[in-house]
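Consider the two complexes below, in which chain A is the common component and chain B and chain C are the respective partners.
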Partner chain A sequence: MNTSTSTNVSSSSVSHAQQVMNKLEDFDFPYCDEVTKYEKLAKIGQGTFGEVFKAKHRQTKKVVALKKVLMENEKEGFPITALREIKILQLLNHENVVNLIEICRTKATPFNRYKATFYLVFDFCEHDLAGLLSNVNVKFSLGEIKKVMQQLLNGLYFIHSNKILHRDMKAANILITKNGVLKLADFGLARAFSISKTSQPNRYTNRVVTLWYRPPELLLGERNYGPPVDMWGAGCIMAEMWTRSPIMQGSTEQHQLTLISQLCGSISPETWPGVEKLEFYNKLDLPKGQKRKVKERLRAYVKDPYALDLLDKLLTLDPNKRIDSDNALNHDFFWTDPMPCELAKMLSQHTQSMFEYLAPPRRRVVQQPHAGQPGHQKGMQPSAADGQYHDRVF
Partner chain B sequence: MASLSSNWVRNDSSPRVVDFKAVRCIFESGIKLEAKPQAVAMAATLYHRFFEECNPEDYDHYLIAATCLYLAGKVEENHLKIRDIVNVFHKAIHPKLEPLDLAEEYWLLRDSIVQCELLLLRVLKFQVSVDHPHRYLLHYLKSVQDWMAPDIIAKLPLFRTCWSLLCDFYHLPSCLCYKPQHVAVAIIYLALECYGVTVPYNSDAVLQWHEVNIYVFYHNFISM
Partner chain C sequence: MAGNFWQSSHFQQWLLDRQDLQRERHSDLQVLTEEEYQKLMIYFSNFIQALGEQLKVKQQVIATATVYFKRFYVRNSLKCIDPLLMAPTCIFLASKVEEFGVISNSRLISTCQTVVKNKFSYAYPQEFPYRISHVLECEFFLLEMMDCCLVLYHAYRPLVQYVHDIGPEDNLLHMAWKVVNDSLRTDVCLLYPPHQIALACLHMACVILQKDYKHWFAELNVDMEKILEITRQILNLYDLWKNFDEKKEIPALLAKMPKPKAQPSRPPSQGAGSSQNDPTSQTASSQSS
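Let's look at the complex of A and B:
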């Protein structure tokens, strides 16, 4: 048996190599289906991770999402991030986690220099939360918001109990099917974690999570972090259910920390014991004397007192005190009237898919600085540490 | 697959011997590269799973072995540099030759590993999660140790023997046939037999000690 991934030209003779190539082009490799069994319908996403397409199985007509695996660093072989994502998705089988159907590939041809491309094939979800929130015609009732958050926290509870961190929580990565089922998606930055023994702290990269959803411990350089990093993102997303746009749109790490301090109060060892040991605590300019005003500031949008209380607990500076998914699910917010209610009915009024990528430009927020490419973004002012940007926060 | 074996090693021995040599090469290289034991075990497992699917005569076993170690490093979050793998494998297979120059042969080998990794992933259908016996072994050994007289434990190199047996176990494809818990118990059993040591009160027990371990495990598992 031979394979179509083979590209090495034997040194013996070129014509022999040509024969092999010809043979390979007709070769039917039994282990990994060709992506041509799906018909691409539309591009629905684009990011640092690559492209995502909506597609349809040519025979069964099943609609799927195809996510291309970027083979940028081909010298190092199959990207470890993609491998992690595949491994993690194979492990996680849950109603609120996106379902990986299979992995497909393109045929190796002279046009791609005999280098096949791989696609992850997912169940298709009609909307993403960022797309829904950017559409003014989509209105969530309190019960529906509760349902969204309950499913989101349920998904986080599941992945955290499987020792997985998502590390890229943001509204665009929260998918919702037309039946109102929420799915956590994009595990491209996810990884397994372990509770570190005191002798040997973990050393994970802190260059993860889209800046606007990045928790203070990561911004301050923590490398021994855990599930609370995702809970912070859940808090930002929860607030966004009312504000309709990301609540803290920093342009640099420094600016993001300033915005966080203005909302959650000054970062200090009194409110957060041990914070002074973090690498950037003394290197960054942290506003002093700021009062915590999570509830006060969000009250303009959020009327429900239980919602405000849960937001306050999610947006807690000290990761050790931040509420975990289990306790969040037990919060009164989910167990008082109006109780969480199905989204299907509300979504049935909208027959068009809503994705952040497809949202009309007018309503699209400025491209979000993603983990790994921080710094100044076009169209954004440089960071200001003096807190002049209150108005941009909400 | 374009071969680098023509000037590496000829596969003229029986498949079992070739497997044994190739896996030994994985272990030797893994130790030299200070890879984690799980990564080395993963590499051996990937290697055997690959040849469960594919005809051994079609592939260069050492190239597959090197690729398995490279991929295992990624899977087990224990990144190994592809350059180091090429060099260490080359040295393991040709102890007498000079190290490779940064010339065509080196680049071909490197490229082959990258290509072969894709082949491996596809043949294994991207199923690269394995539950290793290692953690069960350590856990069970702790239990057995607590149950035995301290002076016997102090006298015997029980842990080391078990560890060596576990490593040896990976040299043949039969390592794919058993559950990790069973492997761990069997290894402890064998090691104790080797030293002629019995677990105290075992003859009076309702269940043998190794049955208890499995029993406890299944109980935990079912209640989960």
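Let's look at the complex of A and C:
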């Protein structure tokens, strides 16, 4: 409803709606609890479609995360992104996917124009990966990095085999409990996918995934994409486990593609057959003659040869050749010493929550001096800002 | 997106039994007979179907919308929200949930107006009285009442699998598919899991087309008693439908139906006289422009 139409509504019809709502106010909603059963403790983040709060159940004292559903586009009614997230999370039940406990609402009253607000209620996770990585005091051993990546790929394997794309992989959307269990979170951009028939390719939006984690096929305008878009993000995150800040911090789509070419080599039909058919291939300026230097550039931070090999396979330009989650889990990286080891012990040294939202800005500061020179700009030498303390939730 | 029916809210929260239905509908059944109630449900299912066809959504959207509609009224009396408003609301929500996209506001309302005018004017002589703001508000109540249980499992997918298993039988699939569509006008989608409904519809299609697949059914490891129950309910529907003269009966049924205390200035079902000065119709037409 927009206000201009509502003004020329007849009074009788307004009063009708009013009366219907008055009637509904007396309704008892036995199937959707009121959010007041939780006590809000602190704001801990900003999701794709709303704010996130830490909260506590007033009776059971269980700590949860409340994610408010923002009603931005009123014409759309209940947002399709929220419907997708609810639907997908109700479907996905896995150790490495965030658990949706229930959906709560506020009471419809005259004060909110009889519009209830909905909240998604999740199990609370103490940390997110971006928050952990931005704290220099948090040190991951190789075995611990393996555990993080193994759980991340396990989660991706599960959602992909359920025909779901996450479409917003980034360190801030990877939650980790204090017991070291990793959970994929924020399914606000996720959607179901199907394997398209050649006659009828899918036409999904390519305006998804945070720029720094966006794979080359999306940047070039592909609309018939699939699980490899999440695998690229997994590669970026894996590298970040060592570099401690995002490895390709482009400022525009063009810039992002330049950074990708400088790291992964020139984008051309020789290395990526069919790329010339993508919408923006001829419209954007793609650096030519760049050699692939994934391993050699990351070797400065990543000493383990298996890790470098897996990174190389994840950060493959051609989505058809990019490694999938199943093969990634079978990679020698996870099956050679040191084996993946539990994170609980390391995390037990950090009794305070770390969320990116609460951490001081760490990234752009480091990036700016070297804007055109990816690879050298990463937060490799933690600046003073990186070592600072975070606002604490507890 | 496939998902597991046995872990779904559909299975865990939304498979009811006969007693549930009786209890929940008790207050409406004080006013209407069971048969009258079923006839109204058939009528509104037809309305949802007509809206869906006019909007050119796929059958899955129509099926989901129909089940949402039934879920709402299984928990609520018809007098809580006018079913004439609930029907397009269910289509609007189902189209989003089934990834068919957001139906534009003006298109939804103008389609309601067209369908009411062209196909249902015998019951609603006046223009469709609701505006998009009503639909959006109604969507909230629908979501809450369903406890945000959005994902439904229809009989279509298991049906396709069973027919595939039987062999190349396009006619059989086509016929059984139609029976599944019709089954949405009964309560079976609230009472039985989709694979049982699919089998019942497949069985009926075999009988109609005189195909003998007894040996195939004999090898199934299912509760045939349940399949027969579903079959009986769908046969009852056909009996009821055969003798149901909508044009003649519906106006009286709508007049008898429990209604919200508050009605649009002139209740459509009792509407008489010219609509030209009717303020609600003016509003409605200004929406579509």
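Convention: the second predicted complex is superposed on the first by the 330 of 394 C-alpha atoms of A that agree within 3 Å, B and C clash if a C-alpha of one lies under 4 Å from a C-alpha of the other, contacts with A are read in each partner's own complex, and residues count from 1 in each chain.
Convention: contacts are C-beta pairs under 8 Å (C-beta built on N, C-alpha and C of every residue); 3 or more make two chains touch, one makes a residue touch a chain.
Values in this document were obtained by computation on a predicted structure and should not be read as measured data.
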Chain C versus chain B, contacts on chain A by residue: C
First, second, both or neither for A:Lys43, with chain B first and chain C second: neither
Chain B versus chain C as contact partner of A:Asn162, first or second or both or neither: second
Chain B versus chain C as contact partner of A:His57, first or second or both or neither: neither
Which superposed partner A:Asn93 touches (first chain B, second chain C, both, neither): second
Chain C-contacting residues of chain A that also contact chain B: 1, 5-6, 8-10, 29, 31-32, 74-78, 80, 83, 86-87, 90-91, 103, 105, 116, 191-192
Contact footprint of chain C on chain A as seen in their complex: 1, 5-6, 8-13, 15-24, 27, 29, 31-32, 74-78, 80, 83, 86-88, 90-91, 93, 103, 105, 108, 114-116, 118, 162-164, 191-192
Of chain B, residues touching chain A in the complex: 1-3, 53-55, 58, 70-71, 74-75, 77, 79, 82, 108, 110-115, 117-119, 121-123, 125-129
Touching residues (chain side chain C, partner chain A) in the complex: 1-3, 7-9, 75, 80-81, 92-93, 96-97, 99, 102, 104-105, 129, 131-137, 139-141, 143-151, 260-265, 279-280, 282-283, 286-287
Touching residues (chain side chain A, partner chain B) in the complex: 1-3, 5-10, 29, 31-32, 74-78, 80, 83, 86-87, 90-91, 103, 105, 116, 191-192
